[in-house]
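Read the structure below first, then the notes.
Going by the order they are written in, the chains are A, B and C; count residues from 1 in each one.
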């Protein structure tokens, strides 16, 4: 009795395993490309997670597949959280997707390891001229264009208009808003249960690198393997300003310092904070989930010495191991066309890197829901040195983030912060 | 496996086994190899060989990259590790974690096992609940506890708000992250320890207890002087195993905090994983693995030697 | 184990302690359950109590829909079943041989069983990755199953050796004396007695495979081949809004199969393991 059952079960599982074998060799085959004459099959890993963006991306893929029967693109869903380790193992194992979505700061590492194809010859003039040189800098490594920049975000201040008016704060007319005014506004609006500012700095490094440019913070000198960390007055200006707002002005709620942006947004929606600094894409949450009685507004770009912020665009790259590098690059070019990029930008509520696409977005949305201000803030995005430093991701994870968190938690002083950042770089960048 | 078992004379008593013994060892050896072959081959290929190679990698500069060449670098990785603050911090956290969780697991599992051994009414419920964490993937356990610890809508934070203490972000706060995570570790490890201890308890000879009771020993005294000594082998076995498993924890912490905040819950396995698969430093990661093994085995040997001194088995 | 009468106060104390354990062990589960049935709005508002005020099934629909839960579940099931069957099939003869025969492989195997418990997976995983790549078993469910079998073997062998050793040799020898062939002895005498051991092995192999994460994380890259733990872990971190309700629902669904398997075997479990543990 037992034997029959066992035999049956064994046979069944063997069948399953063999079936699994069959499918795996198929996929192995597709990565090696089909023989001559058959269509090239490309895998495009997209990290989009918003439904609207997924739809927009899928539309682009479908449109491409219709026009290009010899180069079929397959949409593969990836995730932001796991893409880093995933790409490392995939590149190493030779199973990386042909078209890869990620961000410029993280691509330097893979470019240096030789895994990315040079796109400069394959992108059309139209696409190349629609994106500013500053932004092209962020995806150029060793004179090779290793990625196409697609979407960007800036950090903006969202404010509760009613609370601002109550405190007598004026909403500026121009393109920018000075840090001093911002700080004053935060203080003025802090009363009773309400804090003037909630800022989700659970993951502080990106903010410090980017907004730090307002104060002229460079952090890095040199590029690639030669980059060195330097922390001086300019670099410490932003952390110290935030520190001030928490501990001296008491206008910035310390609880938010270890939270994520979206957690703070939940509280902002309940009226607990008069203002909050967020990535510009958070406008979507406000547009879609804000209670009717919340009159929210996007403040103009923050400015200290300058209004510049780091451009860290999302990117599309082609794997150097791909069988269809040319076709993959052409797909990227297709994706970058104004109409297409605009659709994705609207879905993700991000700023398109291409000015043509930005114009389309402005038209489609009528500039509402803060789109005008947000698109305008895109003008201030420029390349920052940290993007060219090879070991930046590791330094960010292991050194910068904990150190910034400790500084904001008042556990270390500004000088100690500077020391930790510089010395940490030495140990990471062997 | 065809047997040409010699046909014994019909009236031979059972203990006349000698005639057979002479021929067995040789056939036994061959039979053994045959039976073990399906296990040996995959194990050699996918376990032993990679392990040896992994150990070797710890002495090289292996890195991720297209067409990378790997060089033997001897003890260079280890010299670097000596200076690596982050590695030692992670190692320290790993030790705190392993010791705390193992000890707490033992104590709470012992308590539960003792209770389950009593004729209490609802113990079937406790028994089932004690087993459930075992059936749950560590990933799910981590997700579940993230929901519980959520500062915005979790019950822990909700309770603290009710009590007027404001929002509690246990997993995000530097000081509370490790303890909060340890609680989860204990929760997840209850099943194995409880079952092992319960099985041990049930095999303790009741007459020993009766004898002690007759001598006037109270419940606590019986616990310490009769029960625990009887359970010694089981306790040593399960705590050693737990210690090893706890040092090697990965799944739980990866999903629960991913080493944060600021590296406060960065267990060594996660640290090594990041080194290998986030930053591509294979040689360094392997070196870390080697160091971990040496240190763990060292601890275990010390522990076992001290514990086993009393046992004459 | 209680001798004589326990006083009512002690009893009360015991019940209180038991209650505390029940709460500690059960509360997170209840929370998970309740979150799975809460609507997104209710969760976002954040001030809901233990029970959902307006229970909804949308989370489950979302989970299945967005997370490819069925696919992942199917992958996990296939791998787990394959692992279970292969492990038992490979383990049985090996355990028998190691328990019954005097061979040099015995101490070697026992040593390897110990060693494999101590060595961190991180050491093995990088070379394993490269080896599987060579055999084209990377990013493939069969490759994952083979790895699972290899790494479940130590513990299963250890258990089964104990079970086999618990069967008195005399029984087999009696069978031999009655003229039965070796194979016949194995099938009619040994196997039935080993049933609890086989079940324990199967259970352990299934659960280990179902729950496993690290190997899957490194060896499987395509989302369509991801196993459940992998899919769930990626669900957790979507930059921005995480749908907690759907996540809870997905987690629940992911646990049900192994819970079922567990429940079916539960009664045999403790007695079976007892024998194995004590003899091992």
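Keep this in mind: a residue touches a chain if its C-beta (ideal position, glycine included) is under 8 Å from a C-beta of that chain, and two chains touch if they have at least 3 such contacts.
In this text the structure is predicted, and so the values were computed from the model without any measurement.
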Pair exhibiting more inter-chain C-beta contacts, A-C or A-B: A-C
Most widely separated chain from chain C, with each centre as the mean of CA atoms: A
Chain B-chain C separation of Cα centroids, rounded to whole Å: 14
Where chain A and chain C are represented by their mean Cα positions, the distance between them in whole Å: 38
Whole-Å gap between the CA centroids of chain A and chain B: 39
Set of chain A residues in contact with two or more other chains: 85, 89, 92, 266
Per-residue overlap in chain C, given as positions that touch at least 2 other chains: 44, 46, 89, 217-218, 233, 236
Residues within chain B bordering two or more other chains: 152, 273, 277
Of chain B, residues touching chain A in the complex: 64-68, 80, 83-86, 151-152, 166-167, 169, 172-174, 261-263, 273-274, 277-280
Chain B residues touching chain C - in the complex, by the definition given at the top: 1-3, 5, 7-8, 12, 14, 17, 25, 28-29, 31-33, 35-36, 38-40, 42-43, 45-51, 53-55, 57-58, 62, 108, 111-112, 115, 117-123, 125-126, 128-140, 143-148, 150, 152-155, 158, 187, 190, 195-196, 198-199, 201-204, 206, 209-210, 213, 219, 222, 234, 241, 244, 247-248, 250-251, 254-255, 269, 272-273, 276-277, 282, 285-286, 288-290, 292-293, 296-297, 300
Touching residues (chain side chain A, partner chain B) in the complex: 84-85, 88-89, 91-92, 109, 112-115, 202, 255, 258-259, 263, 266-267, 320-321, 391, 393-394, 397-398, 401-403, 405-406, 409, 411, 427, 430
Parts of chain A lying in touch with chain C, wherever the complex brings them together: 2-3, 6, 9-10, 12-14, 16-17, 20-21, 23-25, 27-28, 49-50, 76-82, 85-86, 89-90, 92-95, 262, 266, 281-282, 285, 289
Chain B partner contacts - residues on chain C that touch it in the complex: 1-4, 6, 10, 14-15, 17-18, 21-22, 24-29, 31-32, 35, 43-48, 50, 89-91, 93-94, 96-98, 100-103, 105, 109, 112, 116-128, 131, 146-147, 149-151, 153, 157, 170, 173-174, 176-177, 179, 181-183, 207, 210-214, 217-218, 228-229, 232-233, 236, 244, 247-248, 251, 254-255, 258-259, 261-262, 266, 270, 273-274, 277-278
